[in-house]
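Shared between the two complexes below is chain A, which has chain B as its partner in the first and chain C in the second.
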Partner chain A sequence: MNFFRQCLILISSILISLLTFVGISNADGHKGFKLGVVTFLSGPAAEPFGVPAWNGGKLFIKLLNEGKVPAPYNKKGFGGMKITAIPIDESGGATKQVQEFRNLVQRDKVDAVLGYVSSGDCMAIPSVADELKALTVLYDCGTPRVFEDASYKYVFRTAAHAAMDNIAIAKYLIEKGHDISSIAGINQNYAWGKDSWKDFSVSVKKLSPSSEIKNELFPKIFSGQYGTEISALMNSKAKVVHSSLWGGDLQSFILQAKPRGLFKRTQVVFSAGDHVMPGLGNKYPEGVILGARGQYGMMAPDTELNKWFYKSYMDEYGVFPAQPPYRMVQGLMGLKMAIEKAMEKNGGKKPNKDEIAAAFKGLEFDSPGGLVQMKLGDGHQAIQPHAIGTTAKDKDGNITVTDIVRYKASCVNPPNGIKAVDWINAGFPGADC
Partner chain B sequence: MSEKLYNNLLFQSIFLMSFLILVGLLIPNWLVFVITKAIAYGLVGLGIITLMRGGLVSFGQGFVFGIGGYTAGLLGTQAGLTDAMLLLFVSFLFTGLVGLIIAPLLARYRDIFFAMLSLAFSMVLYGILIKIDAIGGSDGFVLPESTYFGIKPSSEYADYILYVVAIIMTGFISILLRYYYDSTPGLIALAVRENELRVEYLGSSAFNVAVLNFTIAAGLGGMGGALNGIALGHIDPEFTYWTTSGEFVFISILAGYLSVPAVFLAALLLELVRSFSGRYFPDTWQLILGLFLILSIIFIPSGIGSFFKQFFDRLKKSK
Partner chain C sequence: MVDEILTIVLDGAIYASWLFIVALGLTFVFGVLKILNIAHGGIYALGAYSTATLVPIFYSLGMPEQLVILAMLVSALAVAIVITPIMERGILRRFYGQDEVLIVLVTYAIYLVLEDVQKLIWGMNSLYVSEPRELLGALEFGSLYYVGYDLALIGLAIFCGLFLWFVLNKTQSGKIVLAVIHNPEISGCMGVNINKVYLAAFFIGAFLAALAGSFTAPLISVQVGISVAVVIESFAVVIIGGLGSIPGAVIGALIIGMARAACVHKLPEAEIFIMYFCMAGMLIFKPKGLFQGAQARKI
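This part shows the complex of A and B:
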């Protein structure tokens, strides 16, 4: 009996301490800027994607708070406000993320949420964000549908969507004279994978109507085992194999396909292929055509801002930054610029979410990956320049990216108001290359 | 007279419900939301407990949870039905009906065979749902905002109103369940748990008890799924995944089969621990959650409900 009573006391004390926690978390001041950051911190997408992204974000926030970032980002924090970041794990599926998002907004009362790598999460969050009137910056996810199928007041995406990656790869294949008479694809069975394959296969068909589709494979996301799929791809004898696999899935696919000779027999293209390079090192296959979802990492432009970021990241973590940290920093830069623009207008007070949202619309800002323009989805969706390259071994035997072709943002992104797939089907009208 | 009223189940329940509804006005919005979610999970847990009383444990309550959620979601998006109360009720009935159809198949099995077969059902549904692109495939889809008697509440009050609806509907269901547990068929379930063969010899059917309990559990699970979907505003096939089913089993083990309110308390506790460990230990939240599960199984093996029972037993003795 005594034992049970103690247990009861234990439980109630846990509850009370939880509630005090709440009290504390709600009580701390509102002078700074509270930012919820959602990215993969566990599961197969964490090590190659979520963690490097957050490393980049953490470093950039630290440098911003110390005022050590070069112009035009040299103001401390966000317009002088100290940034406090609350990291949250993105794993667990869209439903769990909706709940975590509510917790961030309603319990932690964050001023903005920056996050979401998975397209499934990006499809689920925006409607809740608008319902709760919470400023939300999607920093990475790719599906074009977010702002094509709906419009949101408080949601922005500071990176180009997946159409660009796949259009540019199709163009690259043709410009470099690769044989695209037959294509096959292995993409994950959710928004990102399906949309990527659709954009790529339709682009190829448009640019080279005679090419035929051999195989369309859609394994489940995070399945990690691709033995059967690799056999199917080898048997199909397609000239080009397209894949938008990412994170741990991409690592597993490369490690399983390489010994079976897939990369030697066919031309493999990865629409988001660079972010596993730091992890795989020289195990990365040669002769693969890849994009980094922007001019990132080894394909980054030679600008002062990029040199500064590349070096700071390299010095801090000892590896080169690939796509993920670039993307998160790009999101932070966009948010910072929007906030500071809003502060200029309201006379330097802390802007509210309506003011920030108004300033964010149609914003243009420089990032390490080039000029980002919030041009699509009525000023809520970014476009940015792109680069595609081919992997090769340099003279020391290290894997690098060569044969880089750069594309203007307006060359590989649809104009405002047209859905990506319709634009591709219409034969890229108005593309400025 | 007053003492009689004090001991009356209906009176106690209505008192508790009105208390919770009033408390909902005082606590912050996020906690209202967490409690609503805990009620949804608790409803499914209640279903498992109904089964547990008859000696069965289902590892596949995600099956009914998913059916309930998708019923509410599809009625909302395809048929334009947005009344939350109606959606909850229809999901309850429809999922109960599905339960009644598959129950005769499941009720022939016991123990691990029952558990694994129910798990198989839920994973088959999962496999189907992620393949149907028309309803979002593995991304799921967004539910329209719900209405109440044709009125759409403003977003500040939407959470609270759903909370009130959840408490009232769940409250009355809990009362009915308490009466059911104490009724003849409800008590036969306990006897089946002890000795199935003897129950059969005494002229009752263990098979019928299992069918009835499974149907009730299915209806409850469906309503929980609908409530969860409406509260979150999003539904995906994860609802039917085995890890979701595992959570329900854990909630019922943490609660024990002795008390109805304990189930909701267990669900709330799990929800709070999960959300706070995710908030304060973003890198290691699974570890914290795992430790909590292990410790609670070691130290409260017969569930939170056993505290309640002992408390009330002592109360009676001291009188």
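This part shows the complex of A and C:
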């Protein structure tokens, strides 16, 4: 009996040791990479932003896992590790998102989180990410305040902030000889809208000091009804109307303003106006100056990487990619490059978050939208080239973007260590245009 | 100055008309069934979706353009016909007489279900149906152009309000409804079929919600989430006017519409909270709303 008990203890000990070893080697080895992906999968921001972004992300992850992405992204997965994505819905507000983030990190034990369209969420998540020491890539949100008002160790943003969109539009208006003697704005009443208007109006005042602000409207997000605002904008007789509206709000604004002649009476500029073009089609007005928050979609550069991505997305979904999928893919590319750079340094092992964060800092990588440089926020915030164009009808009567002007990243982004609005106020010192 | 006042009045009236059509159904249902129906917003969204689906089919059949309004009415009617037996007979009837808070939670649950039903049927993509809005052209007022369709909404709101008032006050069926509003138990004892009255009242409320959605569809991008703002704003209207009061809904919608328009034109920074300011003011000084009269105590 004693003999059997001793045998049992011995076998159990061996089994426990083996299981522990397997567990450790699984955790330490590179069996896979678990990635939490947070974007809008329901609510008003899903159709214009979240769903197309995740469509792009899903497709890119699939192609990465199959090793079918062109160089320099041709290594399977992330450094050979198969990517397993856990998609999470971003709707519900910042408090809910903080809880979802904790769930991803603490319960699901993801290796990294990539996400966030809403500027409100991007303001709420980074401090929690650093508290939990969770590697986090902000792929879309625009408010410049994330890295201007604070610094984080484990948080990176792989797309330029909104200052670039509005500075470039102001420069475009001047270069194309538009009358900017008076401006008005309609922007949503939260961080994104307020920051966008501030960057645009200050840029215009700097480039044309005699310009007068006629009207500043900040309707609440998702209000959907803009009849009164359209009257107020038309009554103001401003030469230029600026808007950073997005999603359903932008679609509704266009549908309501077009028959009332706003687009004929004044020069309208949309700082992020491309993403509703696939949905609206020929209902989109002509003569609108617009940005895509980067060189994306109809304003993407003529490079092999872009041609590959554009075609892959078109083939898969039957519609051209606007800014959301470009930005998610850009985030995935940044993360992949950082992981593989860290693996080069540690001899090919699965890198830990500190190694990835160190490799991410100051990283430069190619994307379908051009060269991305992590230059701001002490190497945590990207800058990228930009493009602005004007909508027009092509010979088949379809709405397209023409008269495109491209801006170098260093022309429309502030240097490291200076806030965007201070840089604009100082007259864009050091801008390389 | 005159131009500006005219603009504020017109903008306010258009907005108030839209609000009134939505709030009218909400306040009527509360008046008869004593149910604060949060799912009203969900029915509004279904009305918008059904119009965005039916109108393109209508055009594809080559029907005369002018009859598109008929297609919009049919789509609203279809929503009310489908939703009324499911909601009133299937669910709400089981909760009559229960705690008001419980009923509010039930209607909130239905609202969430309706949101998912929209996703299930129509998916996440936006639908556009702006063609009916081009039907009546544009009219010039001062230095501005207004779309005839938007102005016609004022007429629709007046028609809905007057029609409901006429039915309630000048027809036998309306007087039966008023009797049920006043005292359902005694009405029942006098031979009134209360269940039928409740069903009819809920149908009218649902039709008005769907009608508002149906006629709003050409103005907006129809997508999941359009009902959220509607629920909040129509509640503000009925709180200001008094729950269950049709004249209250008229005045509540006009107060919010005009105050909002005046703010957007003259004090844009106040626009975001003006509705809540009006609502809070009413709750402080007249908690039961403008048109909630004194009620006899039942023994």
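Definition applied: the second predicted complex is superposed on the first by the 403 of 433 C-alpha atoms of A that agree within 3 Å, B and C clash if a C-alpha of one lies under 4 Å from a C-alpha of the other, contacts with A are read in each partner's own complex, and residues count from 1 in each chain.
The rule is simple: a contact is a pair of C-beta atoms (placed from the backbone, for glycine too) under 8 Å apart; a residue touches a chain by one contact, two chains touch by 3 or more.
In this text the structure is predicted, and so the values were computed from the model without any measurement.
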Which of chain B and chain C A:Phe222 touches, first, second, both or neither
second
Go through the superposed model and pick first if A:Arg260 touches only chain B, second if only chain C, both, or neither.
second
Output check: A:Gly248 vs chain B and chain C. Expected answer is one of first, second, both, neither. What do you get?
second
Quick one: is A:Ser42 in contact with chain B, with chain C, with both, or with neither? Answer first, second, both or neither.
both
Just to be sure I read the superposition right, which of the two partners does A:Met123 touch: chain B = first, chain C = second, or both, or neither?
first
Counting only touches as set out at the top, which of chain B and chain C does A:Lys283 meet: first, second, both, neither?
second
Once the shared chain is lined up, is A:Arg102 touching chain B (first), chain C (second), both, or neither of them?
first
Looking at A:Asn189 after the superposition, I want to know if it touches chain B, chain C, both of them or none. Which is it: first, second, both, neither?
both
Check chain A for residues that touch chain B in one structure and chain C in the other, and list them.
41-42, 189, 220
For chain B, which residues are in contact with chain A within the complex?
28-31, 33, 37, 130-131, 133, 136-140, 142, 145, 155, 158, 228, 232-236, 238-239, 269, 272, 275-276, 278-280, 282-283, 285-286, 299-300, 304, 306-307, 310
In the complex of these two chains, what residues of chain A are touching chain B?
1, 4, 7-8, 11, 15, 18, 21-22, 25-26, 41-42, 86-89, 92-96, 98-100, 102-103, 106-108, 119-120, 123-124, 127-128, 131-133, 189-191, 194, 220-221
List of chain A residues in touch with chain C within their complex
41-44, 46-48, 51, 189, 215-220, 222-225, 227-229, 231-232, 234-235, 248, 251-252, 255-256, 259-261, 279-280, 283
How about chain C: which of its residues touch chain A in the complex?
3-4, 7, 10-12, 14-15, 18, 119, 124-126, 128, 130, 133-134, 138, 143-147, 150, 218-221, 223-226, 228-229, 260-261, 264-265, 268-269, 271-272
